[in-house]
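Two complexes come next, and they have one chain in common, chain A, joined by chain B in the first and chain C in the second.
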Partner chain A sequence: MSTKLSGPGSTRTPGRGPAGPGLPRTARTARHHAPITATGLAVKVVLLGLVAGIALWAAFPLVEAEKWVGLALLAATTAGLFYLYLTPRHIPAKYLVPGTLFLIAFQVFPVLYTASTAFTNFGDGHRGSKDEAIVAIQSSSVQQVPGSTEYALSVATAGDPATGALVFLVTDPATGVVSAGDADGLRRLDPADVTVGSGGKVTAADGYTVLNFGQASARSQEITDLVVPTTGGALRSSGLSRAYEGRAIRAYDAGCDCVTDSESGKRWTADEKTGSFVAADGERLAQGWQVNVGLENFSRVLTDPNISGPFFGTLLWNFAFAIGSTGFTFLLGMAIALALHSPRMRGTNLYRVLLILPYAMPSFAMLLVWRDMFNTDFGLVNNLFGLGVDWFGEAWSARAAVLLVQLWLGYPYMFLVATGALQAIPKELTEATSVDGASPWQSFRAVTLPLLLVALSPLLIASFAYNFNNINAIWLTTEGGPFPADNPRNGATDLLITYTYRLAFGAQGAEFGTAAAVSIFIFAIVATVSAISFRNTRKQEEVYS
Partner chain B sequence: MTTYAHPPAVDRAAAGRRRSRWLAQVGWRHVVGVLAVAFSLFPILFVLSAALNPLGTLSSTSLVPTGGVSGENFADLFADTAFGHWFVNSLLIAGLASLVSIFLSSLAAYAFSRMRFAGRRVGLLTLLLIQMFPQFLAIVAIFLIFTTVTDLWPAIGFNTPWGLFLLYMGGALGVNTWLMKGFFDTLPRELDESATMDGASHAQVFFRIMLPLVAPILAVTALLSFIGTINEFMIANVFLTDTESKTLAVGMFGLVAGERNNNFGMFAAGTLLTAVPTVLVFQLLQRYIVSGLTAGAVKG
Partner chain C sequence: MRIRTAGVVAVLGLALAASGCGGSDDDSSAPAAKESAGATGGKLVIWADDKRTAALKPFAESFGQANGVTVEVQAVSKDLQTTFVTASQQGSGPDVVVGAHDWIGNLVQNGAIDPVQLAADQKSGFNETAVKAVTFNGQLYGVPYAMENLALIRNTELAPEAPKTIEDLVAAGKKLKADKKASEILCLQSGQNGDAYHIYPLYTSAGGYLFGTAANGDYDPKDLGVGKPESIAAFQKIAKLGEKGEGALKRSITGENSIATFTGKKCAFLVSGPWAIADAKKANIAYDISPVPGFAGGKEAQPFVGVQAFYVAAKGKNKALAQEFVANYTTKPDLAVALYNAEPRPPALTAALDQVKGSDPDLAKFTEAGRNGQVLPAIPAMAAIWDPFGKAEAAIIGGADPAKTITAAGKTISGQIK
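Now for the complex of A and B:
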């Protein structure tokens, strides 16, 4: 194993360095004429057969759903793969394509999708198209009218009872027909698949889990909100076991592109710029639709005092957190590595085994354990030292606590890499300085530290970039808190990414568009910082060789 | 900071002086070592004590088990929760994801290190840049994409290990590729060039010559991505909602999310069990880890 340290201490053989692009290599031409071996051929046939099989399996649902664009993409990708691995040309592509396919499908495409979301008002109230918004407005205005049909209702789900999408199983009192209904409408169920109890309530249905009373009442808000559109109006629940069919009070009129309330006569006109229906007095309907808002999300992040204030404060702490996490772990790890790095030390292996245990522990669990160790009333930290500090209740103690946890989790890694780098530094160098009469500190400053930094700076940059967005470290300990009394959206230990997470999925209502815009800001910041640091390390070594 | 060799201790030195010299040169190193070990171990001792403490609450836990020692928490963990399922799911997803991802990135690293082609430099930079965009920030987009996928192919949709596996594969190229490319670069080119001259195909060079030589870095990156995947919480939390499809991170978070004080003993027991596979692999690969990490670090 070669652990040669590049940098001032070593030189590279010029001939061994990588060739520039476009330089003809004889080796490459030789590779084309290499014989095809039997094993190679067999592996190729098996793998390509697998690709064909997967493509065929994936194609059927696409045909069924009539997704022709998807089918074309699938066919093109499969054909491309076959071409690539049957032709002797394009050798680099043979090695790069497998990983790149995953990268494009599950990383690049979602990122582009996110970027395009940043230019829209996508979020709660602006989720779908205008037509969907109109259906939602009409069906949510459904009110019970005298004499409307009452159905026996069972609430069910096709997934997990606590989280799965809800379905209404309703029995028509006149005909006894059982139907399943969700936001898409009603479907008749085969009488053979359902068991109807006395009183007309469905007690069991194939493919569905009927919620018991406890499960249903835990989700009563969702049940109240669920509206099943029908031909004559819509179905809504009244309590947990009855449903009624009612008539929509608000109706959309395509002629004036507006929604009118038949009871009050009020009118909301569509505003294509904001994607919502607005009344003359400025009142907006809750359900809107998704439109392109241009750069509004970006300018809001910079100018809206409700967002920009927290944004810059958070940005500052985010840098402090990333630099602190990386810097402290590096300093402590390096100090211990230096202390244990001596030919006269015995038992270094034992120390090493014990020291790196935190790194091998599951970090998600240890973050939660640390959260509980900082508990004010019965946490270990307060008990052990006889303190009564409300660690996560004060901004600065919470920040200190988070950094301490990061230090504990991160320093074993830095210790490991510093140990490795120290072993790779030639002994002659430090010996030479001592012969020249340098003190240990001088030789550390002049020789060891610069060499360590050259070796470890790419890792330090990577660690910085990772910690900059270390969502686990914050979310599993403080959840971004403590929060100031006047602002429940942005806490003292919030990183930009936890702040974004709250924007996107928070209790205040999802704002995917704004969250996506903040994501792009985060990306720009991390990329800039990393690019600058890489440029600096590049001066010292050939990172891009 | 005496990392260099000293002239041998002179014989006339008295025993007392020798002892103070030992203290100055070696003794303080042991003090630092012991302090560091204490810092490393005390939270782990706390977890161990909580796991063995039959009272099983946070308030009854201290560094030494207060209510005696028993395996009750471990038994409860398997009886009351789907811990067995979570454990298998996590090992399956993390094991498979790390194996396949290091294979994919070693392919790419080989191409980036040994071949010259148009777009190579751009490719390397793009890889670095894409990694800067945390996959988690795209979670909304991922959620919407997988809603469609679940409709079309439920076998790789939500609540399946395969869907999560595909998602983790999306980040397979990246840091690992860079780490491995650095290692490939340190192998002398003469090795594969002479094999090529002898008539070996590029696939033979890769599988027969390069892969065995880079075994240490493969071990390290596999371990790193295994640890990373086992600890991944936020995406899995969005992805897996069925009790039995959860991974350890998601399931165990649920244990302490509600009644965190009362379930603490079970949670601690689960933490120890989760650590077992990682610690075992860690001790096995220790020797590779130090050298492998450093070699990767040298070239970025």
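Now for the complex of A and C:
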């Protein structure tokens, strides 16, 4: 901007215009022939080595999880990076690629992930895959056979502790009979061959190696999976020192794609639409799985009166809140900055320190303090002014209170940026207006404010976008309340984001799918608003320049 | 020189980018590291909240030393339940987790925990209510170690007599207020969004219920009591104590200020749990504990009984060892006593309770207050209750029409229950 003001004719700053044709070539040749220093080379080798190391470290889990797409991506990225930094060409890419990779990893990927979640029923009870649900159903239905014996257990192997076949050495507490059990069943052992410890546990047995806890827990999975068939059910381990006779009541049958209960004979058939096993009487098993639900989440947001009704009301307040918190803080911040900018003001440094104090406090803590200050009976606000206002109990007072808190927390920032911008406005301009006979108000309206706005508009838009999704400001003060007596879902001060947060992580259980759909709506709204305002800002700059 | 610096910065950025990229591409690097550690010897990972972590550590270490395994106790200070569910889904969760019993429904529906098999004699060592609390769908899902329930804690200087009914309490509180000895009648936390847990004794005393019971003794999510005539009648009684009535229940009394108001001698009666006792002791208040009184002529006020328990993670790396620790080690009284010392809640093991009862008379009083309590439902449907029920409570305390409000809350809740 200062270059514009320096001379009316110079629309181009030196060095930014199209340079002569010879210039870049010489620069490039110079780069090519730049001496390769030992330090430079070492740094390059170390950093590329680091890249290779990180790639290897990330590759093993990917191989283990058989995520081949991820592995291919990783390999391609690493190869691309090596190529890019080993070749002397593609100078601009050398600077752009790291940032682009960060952008993909931390911006694009989460957005895509959110978008893909919005098409599923991901949430509590539908988190994993169908196989996981089946395993969970079967393993949680194992029950102790009523009246069966509890055995003292020692885990042993026939041979090497790490690799030999696992055997359960179990002692019947009533008779003291020791048996060895494996997948083939139980075999009685000769009492002469075994040594039984004080608790009934076998401590040594001929032909077997008794494992200690450390050795046994290294083979934890195998021990949990080992079932020794018996007449009543199967012998399973309960930890490493007890075994019980148990029976899996519910079993999955791939033929009918259903789960049957062997005790009651009830059958739950898989419903791929909802991702759960449903019985004929409508009862569904708790453990479900994640399925694609198409556009259901989106249509629910738009058509379910419980969601769409509040959604638009909330949207309106959301705009009011974002505009209000940005606007009020800007007005107050700018007013104070103007006052302190006046040359007649004394002790400005002291004022500045005092004014920045709210900004220096952690907003997280301050929001909680403000919440308590607005308490009807014990709050400072009511006690100080002798009021009996039920601040967070009435819709409008709660909204006012929230905006007041935002004002207090936000004006120091606006004050700081406005002070900075004011310093950048040359004194000659305002002096010139006063020479022309303009009043201070006129010169402020015609010169200072437009120039301030040009500098601060992007910050105001950013502040608007931030406040649009300012979950802390609401969640820590009112939690979205007060709530209408007949609707606990949507409060008077709820922003879309607090509303979404309640939907996704609230007390009623996680519904990530629906929350992701709402997030996409919010994203679209914020993006549209920001795009329109930035476009207007550009126009504004053209007008003023 | 300038070019070289820029190059270094670029390459550094690239290295970071690669690591960032690798991190986002996979989410299973952590378990790989753990697995390799597990292969060399046994390793048990336990997750608990901050307070319990400190108490668990020595015991976990002695368990590890006695059995030649490594035991790691990790503190998860925030959102332990959701962190656990998410982590175990990704395969990076612990082997054992410590938490409240009302998590069970959610943990089971997400396949995050496995049942625990206890021998009959182990089971009989526990308080019956505690065992019932951790039983879900006929299976024992955790080993309980401590119990908690609400009681009426009263300042004996201000109120020497334990009130028999809530009406007596209100009368006594009003007199104290008139005499300027206290500024509040009763400290029962509600807040602007209500508190279903703390209002529950009054709700039951006035005849309301949450869920009916199924044939096997579990709560039946199909029989929802909220929105039924009993619940409306109950909230009509509660409304009389509210801001437009006696003023004994107020939204300005929140979870943050209720105990402080009591210890600041601004109210003579506090409805709270064992966790409030430490504050009362610190403030040097002469206090006594009695059951939460019910309405005159009403039913008995039944607080929720909550249980803290150890669970075996279904996707842990070392399930056999986890089962061993939970089923055969946490069932011993020593651990329960140590956990009691870390935070004074009545132990669920009868033997442990007997050990500490002598030195702490409050425990017996809390146990007495919870004698007729109801086990906090662990069914997943309970998650749908908290928020709407609490908000309806807050609205009614603030003066909203009970019938309309509670009918709407019942509708919201039944819409949430799948």
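Brief remarks follow.
Quick note on the criterion: the second predicted complex is superposed on the first by the 323 of 545 C-alpha atoms of A that agree within 3 Å, B and C clash if a C-alpha of one lies under 4 Å from a C-alpha of the other, contacts with A are read in each partner's own complex, and residues count from 1 in each chain.
By our rule, a contact is a pair of C-beta atoms (placed from the backbone, for glycine too) under 8 Å apart; a residue touches a chain by one contact, two chains touch by 3 or more.
Bear in mind the structure is a predicted one, so any value in this text is a computation, not a measurement.
Within the superposed three-chain model, A:386 lies out of touch with both chain B and chain C [touch as defined at top].
By the document's definition of touching, neither partner reaches A:199: not chain B, not chain C. When the two complexes are overlaid on their common chain A, residue A:58 makes contact with chain B and with chain C alike.
By the touch criterion stated above, A:77 is placed in contact with chain C alone, chain B being left untouched.
When the two complexes are superposed, the chain touching more residues of chain A, out of chain B and chain C, is B.
In the superposition on chain A, contact of A:369 is made with chain B only, not with chain C. Of the two partner chains, neither chain B nor chain C is touched by A:255. Of the two partner chains placed by the overlay, only chain B lies in contact with A:444; chain C stays clear of it.
Contacts of A:142 after superposition: chain C is touched, whereas chain B is not reached.
In the superposed model, A:487 lies in contact with chain C only, and not with chain B.
In the superposition on chain A, chain A positions 31, 34, 37, 40, 58, 61-62, 65, 67, 95, 98-99, 102, 105-106, 109, 372, 375, 377-379 are in contact with chain B in one complex as well as with chain C in the other. Looking at the complex, you find that chain B touches chain A at residues 1-5, 25-26, 28-30, 32-33, 36-37, 39-41, 43-44, 46-47, 58-59, 61-63, 104-105, 107-108, 110-111, 113, 115-118, 120-121, 123-124, 128-142, 144-145, 151-153, 159, 166-167, 169-173, 175, 177-178, 185-189, 193, 196-197, 199-204, 206, 216, 227, 230-231, 233-234, 241-243, 248-249, 252-253, 256, 260-261, 264, 267-268, 270-271, 274-275, 278-279, 282-283, 286, 289-295, 297-300.
Residue ranges of chain C in contact with chain A, taken from their complex: 3-4, 6-8, 10-26, 28-29, 31-32, 38-44, 67-69, 82, 85, 89, 105-106, 108-111, 114-120, 137-139, 183-184, 192-193, 250-254, 256-257, 261, 314, 317-321, 323-328, 380, 383-384, 386-388, 390-392, 394-396, 398, 400-401, 404-405, 407-409, 412, 415-416, 418.
Residues 31, 34, 37, 39-40, 43-44, 47-48, 50-51, 54-55, 57-58, 60-62, 64-65, 67, 70, 73-74, 77-78, 81, 85, 94-95, 97-99, 101-102, 104-106, 109, 124-125, 127-128, 132-133, 135-136, 139-144, 150, 155, 212-218, 220-221, 223-224, 236-242, 244, 246, 284, 286-288, 306, 372, 375-379, 390, 392-393, 478-479, 481-489, 502, 505-510 of chain A touch chain C in their complex.
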